[in-house]
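Per-chain residue numbering starts at 1, and chain names A, B, C and D are given in the order in which the chains are listed.
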Amino acid sequence: MAEVTLLETRGLCRQFDALKAVDEVDFRLREGEIRAIIGPNGAGKSTFVSLLSGRIPPSAGQVIFAGQDVSRLPAHRRVRLGIAYTFQITNIYPSLTVLENIEIAAQSRLKPHLFGGAGEAEIRAAATEAAEAVGLGARLASVAGALAYGHQRLLEVAMGLALKPRLLILDEPTQGLSDGEIANFIEVVRRVNREATVLVIEHNMDVVLALADRITVLERGRLLAEGTPEEITANAAVQAAYLGEPA
Amino acid sequence: MDLAPYLLLAGLEGLVQASVLMLTALGLSLVFGVMRVVNVAHGEFYMLGALIAWACGAYIPGPPVLGFVAGLLVAPLAVGALAWAADRAVLQKIGYNPEGTIVSTIGMLYILQQGALLTFGPDARAVDAPFYYTIRTPWFGYSSYKLFTVAVAILLVAGLWLLMRKSKVGLLMRATQFDRETALNFGIPVGKVYSAVFAIGAMMAAVAGVLVVPNQQAHYLMGTDPLLLSFVVVIVGGLGSIPGTIAAAVLIGLSDGLLSVFFSPTLAKIVSTLLVALVLIFRPEGLFTVKGRRA
Amino acid sequence: MIHNGRLFALILATIAVLFALQFALSDYLVLAATRILIMAVFAMGYNMLMGYAGLLSLGHAMFFGAGLYAAGLSSYYWGSSLPVSFLIGILASAAFSFVIGLLALRTTGVSFMIVTLMFAQAAYLATLYFSRITGGDQGLTLPTDARSFSLLGHQMDMTSDPVRFNLALAIFALVLVFMFFVTQGPLGRLFAAVRENEPRTRMLGFDTYRVRLAAFTISGTVSGLAGALYGLVFGYIGSAFAGFHYSIEALLFTLVGGPGTLLGPLLGTTVMTMLIDRLSGLTTAYLMIVGVILILVNRWFPKGILGTIRERALPWLK
Amino acid sequence: MSKEFFGGRGVTRRRLLQGITSGGAVLAAPGLIRGAQAQAGDAIRLGAPFHRTGIGASYGRWYERTAMAALKVINDQGGINGLPVEIIVEDDGTDPKRGVEVMEKFAAEYKVDAVFGHLFSHVVAATAPRAGELKMPYFLCSEAHTLASGAFNRYCFQPSITDVKSQVSSMAPWIASNLGKKVTLIYPDFNFGYDHRDNMTAAIQAQGGQVVADIAIPPTETSFTRYMPRIPFNTDVIYHVMVGPAVLTFVKELGEHLGSKRPEIFGFIDSLEAVDMDIPQLEFLEGTYFWEAMPRYAQADQSAADRDFRAAVGVDGNGASLSDPKDVATYAHMFSVWETLFAIKQAMEMADYRGPGQKIAMMEAMESIAGFREGTEFPQGDKLFNGKTHQAFGHQNISQVTDGRLEVVHRTSIEDTLYPDECDYTQMSF
């Protein structure tokens, strides 16, 4: 099977005043894989994925998605191209119900413009399906803000799923989850991976090792290493980086 | 009339307007800077100051100077106390929610306006100037009292500056302005600081009202105009920035005077209100603030 | 498909009750109800932006005024028939609110409030500045022959009380049903999304600026429609209607009734109008009472009457 | 907060509280349900929408006092056609929308026989069409020429105060021959001011004079000094007419600016209604001239009618309240309320009016009146009434400020105020 590059960055940089948060990163993501990005605190992981999703503009360099240069596109346009992003800190509509939360995402895909597009029934069906995929099918009418934290994280994923993205970026998805919830979460991500490429920032190495096909290590804004889980765990530079500044 | 005296007059008028504006706008700016509250009732404090000055003049026997000095003392104290109470009773209770405070201060505006109508009646009330001397130029006469207001305004602004920079109260205010949470952690009584700031802001407006009332009459509807102009000044100068506010007051005061030499004043007002809107849209940090500093 | 059937039923019932009221109420209350219905349309327009999209404007009088002047001036100077003038009023306020929205929506929160306030002030001053056309402060009384029009062969006489009431009711009902479909459908969902969490909505792929612009334009257009209706029904246009006080009235009516509820504006307009109407005969301080109510509602019932009911008992009351 | 605010004025607070408590009672009162209504035929009810609040409040207060004084006289004389007269006052906030609402309230709830007492022209312009639609006789105490220009309808009358057009055109000959022919006009930038500008320009040109500058000042203005340089040096006469709360500032700044080398100054007393002339800021007005419809200061040749009028309303010889010499009346306008009430009385008596069913007869009677005689009922003086234009025409006064008092130096004839009819309301249907 030929390798198809879904996403690529070339010389990607982002500077905040004197600080180079992301520094000349060349990065390639294969279609269909699960890629984990790890690195010590302050390595620039979140900034990097924010550049991919378009939440912040790059200082220099390019982001190429499915062969198209998206470096100058605003975030919402990139979402429509198929890059979905879930936030590190839970970011949902707390006063709306679970179903309404997911419906908003489903509407983005099924009825992308203010006029025309799919009808309400179709949107609702798609939202229900996404909710069931993450195991929230029984809580459609609950107010999102009242959900347990673990369920809110799942809701985030369901919203991402409802977009049916080609690339789903998960920013520290398991933070604050219990072990049982994490196990369920890993299952959900695997299921998602059948249809979408997944890019996950994760601190929990167990999760990383359980999920990732390949791992990218960032340190001080630079790409330190990349490889299979086995290669990375054996990499001396990575160990040095982590020992120098424990995660 | 030739252009030169025309411009001289416009310049003088602009200066007087700028100095009064400086006081009202600084009050508004201080309240916004420290408390993040947009006080729509600010003009009504100005109006109350003017009406109290009239009451002092009307009920205190003796030369007009006595009434004027009394007004200069009583008006800011009374208005300050009222503002303090309003802050405790209303603004604090809604937790200074930005949109909520706007709605509540609109409520205060109606209450104060109607209260003034019931108390002082609807007539425009004239107040004697503490002294009455017309400076004559070859072309026109000019009230010396108006120049006096410029001097007093400058003194008061200097006083405010000293208060903010040199006194403990000022330090508390600046600390609260800088970071409310940290201020709380350092044991600064933020609630009291807020009430004090709201009161001081109102007092600035009240003093402006006292100063202006020998030039213009006290009237229960007089608060709207200075409110809008103060908004203009505060926004052009950069929300919460005191030096910016002063610079903007001088700019707006002078340009308003000069613009209306060449254009219809209504047109000048249209232009200046549109300017505010456009500054907020395209340069929200104000015209005089260095970019990068949090407005 | 009707999404929120209970609400739709309530709306139809409300319209039916309003229709029946004209046979039960005193002459004066029918007249008062006519005014209330028109002002409620204004408040509904305001509610679209404030209640549903979460943007608090302090300048909606400019849209009310835009509709009022566009409709009134076209009738006054060109002698256009009432329906044509009405349409001109709607189109003008749509265009006006679209342009203002393009600019004002670059800001949010407090800046947005002040920007709308300033634009409205400039618009108000413009009605004074161009007083040679607008009649300025004194305003213009529309000519008597602009007081009737024919509709489907029927002569509609705007001086007849029942005609006025039923015309106002018909337009109110149309706007209400329109509002129902806007707010309870996909567009309304987007408005709720930008209100509740704008950054998240952007990250779901929506151009939130456009969503807000849609809300702003609909809101301004409906407010302008109310202005056009007022001007044509009452035969007078004047700059007072573009003044700050009318922006606050829309805010007040919406806030009292319940922002983000379809029937809130009607309820708020009714309560406040009748309160002021009764109080003004007793005391000159009725505006003071308005002030007190603003402060109290803001303190104790920031969600208004229907908003509080929705929170406590009827979650479908949107 | 409000408690503190009203601390010094117990009376006011009490009145407010009374208002609030009785509010509940009135909300539940009859009249809101169909069928319940005031009984016709037991009294004559007149609706009085006064400017109790808003920019017209200074006028509204005195209009109300004058109306109540006239009401007492009328009822003491046995009412109208044997029926007692009631006046129902509502505040219109000097606001056009509220003006209309109050008109509807008078027509449909109180079911009054006529409405009278509106002054400010924007409120009148909004209310007049509604009055016609509600078939409610509507008596203006305004001055605007709008009525006589034909813009309103057959239900609107102005039976006492002369309109601006007449006032102005009757002043022009005297100004041109006594004060000078080069005139600078200063007026408010809206229709009321335009009436002055247009009529004065025409009238002064007819006298061989010339308007050398016209300065329109927007109603939102609070400071005026910067307009002053626009007054040309060759001006013989400054003609000013300003309204609203800032007028005193205007007059004061005019004086400051001009100093002693001033040209002649002629103003409409509107610029100083409800303002005490005897204050230091206004010393410069000494020797200047004012139009007055009715002289504020009791003149040496004061008529008995004027004396009675002052006593009834509670105004002293200086035009101030008997109880507070600083509380100056809007004397040059408020007589119109008094006279309007007596004009209504006269028309009702002619039509033997007993209830709302006879409104048209009453208005036709009003249209048939040719004029009113000076006397207790018409203290301002004789006047002609034009049944076609629904407008009255009376003597106008020019007064000079002498020792801080206004002394009449010229009284125009009624003929000076006449102009060709611009409309004929009798051709309209009711």
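Before moving on, here are some points about what is shown:
To be clear about the criterion, a residue touches a chain if its C-beta (ideal position, glycine included) is under 8 Å from a C-beta of that chain, and two chains touch if they have at least 3 such contacts.
Note that the structure is a prediction, hence the values are computed from the model and not measured.
Between the interfaces A-C and C-D, more contacting C-beta pairs are found at C-D. Computed from the mean C-alpha positions, the centre of chain A lies at a distance of 43 Å from the centre of chain C. Centre-to-centre separation between chain B and chain D, using Cα means, comes to 36 Å. Between chain B and chain C the centroid-to-centroid distance comes to 33 Å (mean Cα coordinates, whole Å). In chain B, the residues that reach two or more other chains under the touch definition are 90, 111, 114-115, 117-118, 264, 266, 269.
Counting partner chains per residue, chain A shows two or more touched chains at no residue at all. Of all residues in chain C, those touching 2 or more other chains are 125, 128-129, 284-285, 287-288, 292, listed in ascending order.
If touching chains are joined by edges, the resulting network of the protein chains shown has some other shape, matching none of path, cycle, star or complete graph. Interface note: chains touch in the pairs A-C, B-C, B-D, C-D.
Listing the residues of chain B that touch chain C in their complex gives 36, 38, 90, 93-94, 98-100, 102-104, 106-111, 113-115, 117-118, 224, 228, 231, 235, 264, 266-267, 269-270, 273-274, 276-278, 280-282, 284. On chain C, the positions that touch chain A within their shared complex are 1, 3, 185-187, 189-190, 192-193, 196-197, 199-208, 210-211, 214.
Of all the residues in chain A, the ones that touch chain C in their complex are 53, 55, 74-77, 79-80, 85, 87, 91-96, 100, 103-105, 107-109, 111-112, 114, 117, 119-121, 123, 159, 163.
Chain D makes touch with chain B in their complex at residues 1-2, 4-6, 8-9, 12, 16, 53-55, 57-58, 60-61, 189, 216-218, 220-223, 225-226, 228-233, 245-249, 252, 256-259, 274-276, 279-281, 326-328.
Within the complex, the chain B residues that touch chain D are 1, 5-6, 9-10, 13, 17, 58, 81-82, 85-86, 89-90, 111-112, 114-115, 117-119, 121-124, 126, 128-129, 132, 134, 136, 139-143, 215-217, 219, 221-222, 225, 257, 260-261, 264-266, 269.
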